[in-house]
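See the structures that follow.
Across the two complexes that follow, subunit A remains constant while its partner is subunit B and subsequently subunit C.
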Partner chain A sequence: MIEFINFYLIPGITLGSIYALGAVGISMIFGILRFAHFAHGDLMTVGAYGALTVVWVTGIPPLFAIPFAVALAIIAALSCDRLFYKPLRELPTIYTVIASFGVALILRSLIQVIWGTESQVYVKGFQKPLVYFDTFRIATRHVQIIASTVVITGLLHVFLSYSRMGRCMRAVADDASLARVAGIDTDNVIRWTWIIGAALAAIAGVFVGLDTDVHTNLGWNMLLPMFAAALLGGIGKPLGAITGGLIIGIVEECVSYPFFGEALLSPSYKSAVAFVIMIALLILRPQGLFKGRLL
Partner chain B sequence: MKQTVLASAVLAIALASGTAAAEEVKVGALMGITGPLANFIPPILNAARLAEKDVNDGGGILGGEKFSLVVVDGQAAAQPSVDAASKLVNLENVAAIMGGLSSGATIASANAVSIPNGVLQLSPTSTSPAMTDMEDNDFLFRIVPSDNYQGQVLAKMVLEENLNKVAVAYVNNDYGVGIAGTFKAAYESLGGTVTAFEKHEDKKNSYRGELASMASSGAEALVVIAYAGGSGAKIVKQSLENGFFDRFVGTDGLRDDLLIEQIGADALATTFFSAPTSPDDNPVGDVFHARFDEEFGEGSDKPFVDQSYDATMLIALAIEKAGTTDRTKVRDALREVANAPGEEIGPGDWKKAVALLADGKDINYEGVSGSHEFDDKGDVAGFIGKFVVDGDSYKQTAIFK
Partner chain C sequence: MNAEGIAFYLVSFLTMGGIYAVLCIALNMQWGFGGLFNAGIAGFYAVGAYTAAILTSATAPTHVGGFDLPILSGLLGAGVMAGVTAWGIARVCVRLKADYLAMASIGFAEIIRLVVINEQWLTNGSLGISRIPRPLEDIFSGRQAEVVYVVFVWLVVLLTYFVSQRLSRSPWGLVMRAIRDNDIAADSIGKDVQRFRVDAFVVGSVFMGMAGALSAHYFKFFSPDATEPLLVTFLCWVMLIAGGSGNNRGAIAGALLVWAIWSMTEIITSHLPVEWASRSAYLRMLLIGLFLQFVLQRYRQGLFPERG
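And now, the complex of A and B:
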């Protein structure tokens, strides 16, 4: 049992936290701007490399480099929106979806040009995990990732429920034209959507780098599970996306546990889990767990 | 008058671009510039560039034309490699393709692009046994020995280190499945026991679950068959952190400087690796390595530098021998320039080779990484080395022929 917690559940929660932070942005952009943002994974990568630069230059721990990562990702997201998405805003959203594919390639190529294609780590070598009660083991970085995600979720909840901007965002997500008629500045809402989405993506990117390594396909590789998480929680429901991310991360890691003597699923099929959840959900409950927007 | 000027300007441009295209003989280099092999690429690409330079400094190809490498990125994965190879064949109209690097990339691009289009593809690094019996119409070649051989040598090495029980973690692609299978068969037939045999998907963040169950199987060491930049370094790191394994055995995919950089040399002191290598008593090797380091500053000792140079040089020689960029003729010429008999040509002997070919003589390229005698499957015999960690890189401690 303790083995299940140490080697399946904890890594699952860690992975789920990362998916969750990435999925919030996807869900909000989908809800407010009404398009699937395929460059979101690459915003994560931008954040991860932003932090890597700070770690290289100053030698501070990667967690303290997060503000810089966030700033860089926000700048990238706002300039992409201004340059590529805004001019297409009045056209059918499929144009923007395709444009976001292009933006994903642009961001990734820029990263490759600036930082190179080789995989990097924030901290070299390996650290022994913390051990409690002689049997419970957890890596320091996993404590950091999980705790930060809990704090961020709390802040996000407060922001969306009690701040004026948060309520405006939810109004636009529910019905954009009604919100505009009611006098909500949609441009400002869109700006804040990008800022929050990009900030959380950057944090998720740094967490991936902290957990494993930083490479140019880091975010792109996680895009599919993050979309599944956003759908699972319900489009336009940021807290739903967090739940969805955690569920997908935990399920993905735990399916290979030998519950009945035999691994439930060969570990080589882990990646299929997000697909299966996504397809099942689209058929059985397309609005997601938290009654999000129907696609 | 104006019209005439315009017409002649257009004509001049058309002629200029027409002749520019004719002056260049293009060969594709299908590399995994991004993806799990990214760390291997810079020296491999430099070696191919050195071969390109040797041809052009030696008077060019096909009567003084420029020999030009077109480099594309296949991300060391199947689908991107198919796209990249198809760009080489259909847009760049290359005479032949040097690459891909990972077996998955090579097999996919050969099946989807080079074989149907009849383009010679020569891989400098792909070792999967599956390539030997592919229905390739004789268009697919490689200059490293098949993992049928590396698997057997690795099994012997592991037993020589008195490791009688091992667990095997291998990546689920053509490379991993191929060598894991041959290793397991050879190891068991020599008396070893494989306690766990688990394939995994690369690009995942945690392998702790699989590793925990493999660790409880009673193995003395973990054989990691994966690319360091894909899943290999993560597997080693997570094993060490959680105390699953403290001893590892790797193959060529894991023998990446990145592994030492991320894990540290101390923890890898007992780890050893098998990888295709060059003959150790080859005088042309030292000359070539000195020339390489002079040109690029460093890197002549990195994996697959020799093979990359040889593959590029062999393609250039085949084109020169064929006397045309006709793809089938280039393919037909490859065995004639690579295999005995014929006057021996070494790396850097481009001028000599051209002169011999012009006289109608037969040549036999003897490369840095071996003598490259292709059999009828497009395979070569070769050498496998045993490597251990030495500082921030690797050193060869034994060689098997």
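And now, the complex of A and C:
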């Protein structure tokens, strides 16, 4: 049991937190701009490399480099929207989806040209785990990631429920034309969607780097699990996306635990779990757990 | 470079260009005629390539087969296996709307990739399958074999083109376009929308599998690296959109045009200083990404627009 918590559940919650932060942006963009943003994973990568540069130059701990990562990802997201998505906004959304594939490629190849393709780490060397009650051994980075995600979730909830912009965003996600008729500035809502989505993606990217290492496919590899999380939580429901992310992360890590003497699934097929959940959701329950919107 | 060198450069260009042309026409059957957003091209390509590799290569101790069968049966087998896989996938997810079908098909392609990497007994894992034969290998060798192969590839391109052309003008093709443009209207006049979509998905995938087989024979070696979604799926989409979706000639032209951009820029970037040359592949990817955005914003109809 202790082994299960230390080596499966806690890493699962950590991975789930990362998926959760990334999935919020996907869910909001899907809800408000009505398209599946295939470049979202690569926004994470942008954030991770932004923080890496600051860590290299100044030597501060990666957590303190997050503001810079966030700023870089927001700039990237807003300029991609202006240059590549906005000109296609009046067309069927499928063109924007195709464009987002291209943006994914553009962002990734820019990163590969600038930073090279070798895997990097923020902090070299082995970190001693924290020990609680003599039995729970939890890595410091896992505590940092999980605690930050809890705080961010709280802030996001307050923002969406009580701030004017947050309420406008939920209104546009529920019914865009009604919101426009009611006098909501949709362009501004779209801008804030990108800002929040990109900021959370960048934080998630830094967390991936903190948890494992920084490499150029980091975000792309997480894209499908994050889509699965956004679908599970219901499209257009940011807090649903967080729940979905946690579920997907925990399930992914726990399927290789030997519950009945033997691992349920070989760890090399771990990432197939998210794909299968995603496909099953698409077919059986596309509105997700919390009644998200349907395209 | 002398004249002979240039000629053989052209041969290798046309070989790869031809393989992409097959993929592109196949995608055109799904997206251009059927409006099916298949983002898992690499999956069907991989199924075809591995089927052909296992069927035609000499017996190896490391994985199942090879069965040393003739190349044509390998090509046929590749098409059949890719078609069967596609049928299974289409049955469950062809009714999904565009964005959702894209996600589901990438998901399936990634599952296929995981199987290919992990099932050592079947595919020899990440080491890949080697010693895959080429047609008429014992008669021709060296550069002659290259010429023979380019002819073989373009025969398959022609076959694909004629099948796609016939289909698009047949009653089946007309119904397919009607479904693409308005599935509710097509449904209301009694067309079985699901069945037509499954058909289009399967037929396209059969040819994607054949394209996989062609590349396995060309490189004589196939490993999971060659199923990288970017190189196969993405490039193929850029080709079809640049060429003109809905038009088979456009699909061929787009394949050759984008492949020309891709391979010509390699010549340029190979002259860059060493520290840049190692990153040249990424510069070229960047270029292709920007090219796609340019086409999407300025030339959405492509080189050869669909005829009304």
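Keep this in mind: the second predicted complex is superposed on the first by the 295 of 295 C-alpha atoms of A that agree within 3 Å, B and C clash if a C-alpha of one lies under 4 Å from a C-alpha of the other, contacts with A are read in each partner's own complex, and residues count from 1 in each chain.
As a working rule, a residue touches a chain if its C-beta (ideal position, glycine included) is under 8 Å from a C-beta of that chain, and two chains touch if they have at least 3 such contacts.
Quick caveat, the model's predicted, so the values are computed rather than measured.
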Subunit B and subunit C placed together on subunit A: clash or fit? clash
Can A:105 be said to touch subunit B (first), subunit C (second), both, or neither? second
Practice problem: Report for A:268: first if it touches subunit B alone, second if subunit C alone, otherwise both or neither. | Solution: both
Is A:8 in contact with subunit B, with subunit C, with both, or with neither (first, second, both, neither)?
first
Touch check for A:282: first (subunit B), second (subunit C), both, or neither?
-> second
Applying the document's definition of touch, where does A:191 land relative to subunit B and subunit C: first, second, both, or neither? neither
*asked:* Let me test your reading of the model: by the given contact rule, A:93 touches which partner, first (subunit B), second (subunit C), both or neither?
replied: second
Is A:36 contacted by the first partner subunit B, the second partner subunit C, both or neither? second
Once the shared chain is lined up, is A:127 touching subunit B (first), subunit C (second), both, or neither of them? first
Of the stretches 163-171, 199-207 or 217-225 listed for subunit C, the one clashing with subunit B is residues 217-225
Overlap of the subunit B and subunit C interfaces on subunit A comprises residues 112, 117, 266, 268-269, 271
Per the touch rule above, subunit C residues touching subunit A in the complex are 37, 39, 92-93, 96-100, 102-104, 106-108, 110-111, 114, 117-118, 230, 234, 237-238, 241, 279, 282-283, 285-286, 288-290, 292-293, 296-297, 300
So, in the complex, the side of subunit A touching subunit B is made of residues 3, 6-8, 11-12, 14-15, 18, 112, 117-119, 121, 124-129, 137, 139, 208, 211-213, 215-217, 221, 253-254, 256-258, 263, 266-271
Per the touch rule, the subunit B residues reaching subunit A in their complex are 33-35, 38-39, 41, 75, 172, 198-201, 203-213, 229, 233-234, 237, 240-243, 258, 261-264, 267
Touching subunit C in the complex, subunit A uses residues 30, 35-36, 38, 83-84, 87-88, 91, 93-95, 97-99, 101-103, 105-106, 108-110, 112-113, 116-117, 224, 227, 266, 268-269, 271-272, 275-276, 278-279, 282-283, 286, 295
